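Chain naming follows the written order as A, B, C and D, and within any one chain the residues start at number 1.
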Amino acid sequence: MTGHKAIEDRSNRRWAIGFTAVAVFLFVLYHWIVPNGPSWLHDFVQGWFSNANTNEMIVYIIMALGLNVVVGYAGLLDLGFVAFWAIGGYVAGWLMSSFLGNFKINIFGNPAPGLEMGIHVTFWWVLLAAGGFCAIWGIIIGAPTLRLKSDYLALVTLGFGEIIPQVFINGQDINGFNLSNGNQGITPIDPIRFFGFRNLGPFDLDYKFVIYAVICAGMVMVSLRLRQGRLGRAWLAIREDELAASMMGVPLMRTKLAAYAVGAFSGGLGGVVFATHINGIFAERFNFSISILILAMVVLGGMGNVWGVMVGAIVLSWINGIGLQQFGNTVNGAFNTNIDFPSFNFLIFGSLLILMMMFRREGFIPEARVRLVMHEHEDDNEEVH
Amino acid sequence: MPADVATPMSTAAPRAPRLDPKDLTYKISGGLILLGLAFWLGVNLFHDPAQFFTVAIDGLKNGALYALIALGYTMVYGIIQLINFAHGDLFMLGTMMSAFIITTVFGQKAPSLAGYGAFAVAMIVSMAFCGGLNIGIERFAYRRLRRAPKLAPLITAVGVSFVLQFVGLHWNGSGQRQWQTVLPNTQFNINGVVIDVKTVIIFAVTIPMLLILTWLVTKTKQGRAMRATAQDQDAARLMGINVDRTIAFTFGIGGALAGAAGLMYQQVVGSTAYNLGYQLGLIAFTSAVLGGIGNLAGAVLGGLLIGLIQGLNDGLSYGLGQQWSQSVVFTILILLMVFRPAGLLGKNVTEKV
Amino acid sequence: MANALEAHNITVQFGGLVAVNDVSFDVPEGGIVSLIGPNGAGKTTFFNVLTGLYKPTSGSVRLNNQVITGKSPHIIARNGLARTFQNIRLFGLMTAEENVMVAMHSHMRSGIISTLIKTPHQRREEREAHERARELLDYVGIGKYASDYARNLPYGDQRRLEVARALALKPSVLLLDEPTAGMNPQESARFVDFVRKVREDQKVSILLIEHDMSVVMKVSERVTVLDQGQKIAEGSPDEIKTNPRVIEAYLGKSGVEGGH
Amino acid sequence: MNKTLKGAALAATAGLLLAACGGSSGGGGKSLTISSDLPLQGTNKDQNTEANNAMQLYLDQIGNKVTAKDGTVYSLNFKAYDDSTAAKGSWDDAQCAKNAQDHVANAAEIAVMGTFNSGCAKIIVPILNQDPNGPMLMVSNANTNPGLTKAWDPGEPQKYYPTGKRNYGRVIATDDFQGAGGAQFAAQDLKVKKCYVLDDNSTYGMGVAKAFADAAPGQGITVAGMEAYDPKQPNYSALFNKIKGIGGVDCIYVGATYDMNGGQIVKDKVGVLGDNQQVKLIVPDGFVGYSEFDNLPEAQGAYMTFSGLAADSLIKRGGKPASFNDAFQKKYGHSLQNSYSIYAVAALQVILAGIEASDGTRAGLTSAVLGGSGVTVPADISMLGKEIHLDPATGDTTAHDMTILTVSNNKEVTLKPWTVQ
């Protein structure tokens, strides 16, 4: 009994150490080694593992971990996760920029000179506000729909994933009220104040990385601890057998809503982090393909397994953002060809998804139990052929 | 809180003698929404009846197109419960194949006898092409995953969708292309209500398709095999049904429908684009669910309804306007899911304990 | 003797079909009661009414003198009515221990925040839940499987695990839905002893649906017979054995016992 | 630099040190990289690939080098950045942010030609502006959102230039000029009285549509309604039936790019409201240069405004654009189809003129183009067939004149030049 607990605690401590080690290494790499290193190292890192890309990856990790709570833990299919990203992003747009110019509120905020109008709240509070606001939206969206069976639920979430971005796209004139500045987007977002001593400008990616990594670590902790507790067991039980779970005293509605709220919360965090990463918020990002991309990260990484999901997020966002492009540039450069690589990206990306599902559908780093179920009928299938 | 019961069994469960407050709220809010809708329609109808019916029929024209795509969606879902995201992209390739046959191969750009001939050839080629492609996709991508948890084939379908978009991108180019139609461009005007002859043609294609499919599913041996497979694959196999072939057959039919829809879209709307399938696939899937997924007539009803709603919202003077059409459609979908989860024509299912 | 569970005039209709017709039924505190009847008699439907899965068309259910009719399953479960399933419904991809701990959900208090910051209360609660789960597993005799996935357990042990899971709810009434289905006579005999033991040790009343007459007759203190939704007889096992209506209902059916 | 040599060198370094090569090798003087930043995947892939090809061709034509006024010879490299992603199929804000970092980090890079989307520019410009070695210059061929360079929304344009120095220019006129010019033309030449204004809900489309609607009442035109359409919908006949129901509408203004389902809008407009003689159709330069559009029977008789000169008319005029088009056709097998490609080369010419006048540093280049009296591309080499000059105070092109075109016999025909009052 206690042995079991001890192992759990030890592995928890181990991940904390590992995560910190990787984060510190990356910070040192970006902060000292690359700027002071030889130019080939600089070019190599800039080309293949640029700091901007790493920061974007963290956004995707946060999103994927959130979706993992909904899909991986509780087994609820969500095809509209991008809605929470959008809501979180716009909370940052509202509370960290000069956009709402009728107000002039500053709560530990950090407006750029000349942009003092609007609402300026400190980054950390905005994180909480966005997370909380998204969690409320998660409950609003979830409450009427969570009674539905999985496919229908998926469709309803898809519907919300389409409606909410459209509200933001059309939102520059809703009965005369400018909610979102429409497709023009909201820029700039206030710089983050780095633990009180430095405003983070566009080239302080390494410091931003530290902040994002802390938030990401927070999400990892949330994922792991909730999974091990009372709520995590209830989620898994619901994923396995809703009916049996309810007859064992698990309140279905409330438990599912909790999964939704936690997922939405992290979507909100990711939205704020992303808004500060690109220094703005643009409605065009929030389309269905992004929801699918995040879902693919969860599934390809290994549903339910925090490490797998992180790896999935890292790999897919790297491929989507920098990998395919850099690969094309390299091939074209090395063989002096002029192949139009971007036009093959659909093919490469699509094939990757298909092949993964064919040959390693439990994901890169599966949860042991998921591997079992993913392959359980393999043998039956062979005899079908 | 009866809402916590996992299964949607509002009709199957016995009704309590007294209304419980939750049920009552549901009924009242549902009624209010319907009332508001009726009021909105009434005001518009009163305002300008000719326009009302013109835009309604316009909407139904699109709706019939959605219905054609939704039929394929619903068949595939009905048999293996797969949300086939690639279906819309298959339809997209159907539009391109039709354009290729009619305009590039036969060089037909205007209504003429030769044009109708090319149209007929394109119908056959496009249906065969999409049907064959869909069978191939099923064989190579989905079959292995038939017993895997739902998410695996879903992600595969997304992958297939990307690959098909790649094909479309290279076939059609990145932009949208416009085509001349071989269908007549005439319009009837009945008391101010304008009806496009193309609307008539689409219905002349969609309704027979629905009838043929219904006959196929309910009356033929193959149809019985399909229904048996949809119910329980293992039992069907034990009864001597070749499940693989039945599923492949269903995919073939679904693909052929996508091909037919592609031809109709290309000829009626007159454009092709590589990313067409995404949008229309989404709407078609919504139609299928609206009507009750797995139900053929439901898919047609759902498609027509969505087209009608869009047309009314776009075209009525007191509407939200075109830019909100998508939101209106999905809002209605969500409301329906809340009030009648099984869709308009679908049956509620209870879980066995 | 007071009644732990009382069902008054329960009627369930599906459309025009009457599945259960005006059945009243009690489980005395600390008793072992059986509900029997041929296939399709409405036993499982009746069970589903008791556990809150179906709302009865009319009638009411009282658990420890509290009306529970129409309440959701999880609330009924929390109030002390636990059940097992005819076709085993364990959480297959959770360990045996986790399965038991799920059922403690309603007796635990920690929420999201306390789980995240691991308050002392939360840690204590978790530790106690672990310990109690181990105890229960040991009690039903499958302690060695505690960290195995439930789906990997032998069949009989899965049944035991279901009982352990149900007991984790600290029920006052335990509903067993055909618990010996699929067991051989030796296993069934052992199970009868086990049920008695559970009743003694855990202070629960037990309601049993069963096909296997030998089990019913051996274990029950009182037997109720349903046929086509109607209660046709009620009494001690000996009375039931000789009741002409019961014999009529079962006539020719004894050969297909347990053929579910 | 010899391409084969470069390739061999790169193969030898296992292809990993690609970017390192740009700065090191090369003949005499200093080597500079000019980059482009355009979406190369999805809907705008074809036209932006063409723009990249045109720029590469132009650099090849001038021998990939430029001689500054102080006599230094700079050898030039071209690098194309992609600001779109596969999953999204269009410009991606995160990709823009990343590219901005890369532009700054790539020491050999001197200036950026781009972006295509104004939203992307809003992300990139402030970052380039704060470049420690800069500000770094960006010249766009396609951003028409006024706020990037002049007072528009609150805080604009200062919020894009945190250092207070300008570093962004464009060779294309802003939406406000064009919309207003369209309204003047509609009132004075077409004598229309009642217009319905549509837009594609994009930054560009809404900008021109709003400018048109704002200017129309002053010209005596009633705006019967203003509405955004959803480019993802299959068709718009219901929408046009609504317009028909209003009655008396004799002109439709569509503030959009052709890519945003513009073909469908035009087809349905004619289908419901009648041809472009009965109800005039006026579109902005988002429709110019699409042969698809010109070939539509429904497009015949449509009027187009263009802030500058359209591809076809430029090529027809002869001179530099025509000879360049010949060379392009020879190399790529088709003539330039997109006006934005020509404007991309024009933007490149502004950058090159700036390098000539500068000391070869980023800051030097920026202050050469956006300081003092600015730089001028003389008419004889200009891709626009006339002098190109950016106002050094704002970065906007000084050419406010626009062209009215009409579609006739599947061709864009220049009707008249028009000066916005």
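The working rule: contacts are C-beta pairs under 8 Å (C-beta built on N, C-alpha and C of every residue); 3 or more make two chains touch, one makes a residue touch a chain.
Bear in mind that the values here come from a model prediction, so they are computed numbers and not experimental data.
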### Summary
The chain whose C-alpha centroid lies farthest from that of chain C is chain D
### Query
Where the centre of all protein Cα atoms falls, which chain's Cα centre is nearest to that point?
A
### Query
Quick one: chain B and chain D, Cα centre-to-centre, how many Å?
39
### Query
Which whole number of Å gives the spacing of the CA centres of chain A and chain C?
43
### Query
When the centre of a chain is set as the mean of its C-alpha atoms, what distance in Å lies between chain A and chain B?
32
### Query
Residues of chain C that touch two or more other chains: which are they?
53, 72-75, 85
## Note on the structure
For chain A, residue numbers touching 2 or more other chains are 169-170, 243, 246, 251-252, 289, 292, 343, 346, 349, 373
### Query
Could you say which residues in chain B touch two or more other chains, in rising order?
1, 3-5, 162, 165, 169, 323, 326, 353
### Task
Spell out the part of chain D that touches chain B in their complex, as residue ranges.
42-47, 86, 89, 201, 227-230, 232-239, 241-242, 244-246, 258-259, 261, 263-264, 267, 271-272, 290, 292-293, 295-297
### Task
Enumerate the contact residues on chain B facing chain D in the complex.
48, 51, 54-55, 58-59, 61-62, 65, 162, 165, 169, 173-178, 180, 185, 194, 196, 265, 269-271, 273, 275, 279-280, 310-312, 314-317, 319, 321-323, 325-326
### Task
Would you mind writing out the residues of chain A in touch with chain D in their complex?
39-40, 42-44, 46-47, 50-53, 56, 59, 98, 101, 112, 114-115, 117, 169-170, 172, 181-185, 187-188, 201-203, 205, 274, 277-280, 282, 284-285, 287, 289-290, 292-293, 320-322, 324-325, 329-331, 333-336, 340, 342-343, 345-346, 348-349
### Summary
The chain C residues in contact with chain A across the complex are 51, 53, 72-75, 77-78, 82-83, 85, 89-94, 98, 101-108, 110-112, 115-116, 118, 122, 125-127, 129-131, 134, 147, 149, 151, 165-166, 168-169
### Query
Inside the complex, what are the residues of chain A that reach chain B?
71, 77, 144-145, 147-152, 154-156, 158-160, 162-163, 166-167, 169-170, 242-243, 246, 251-253, 288-289, 292, 295-296, 299-300, 303, 343-344, 346-347, 349-354, 356-358, 361, 373-374, 376-377, 380-381, 384
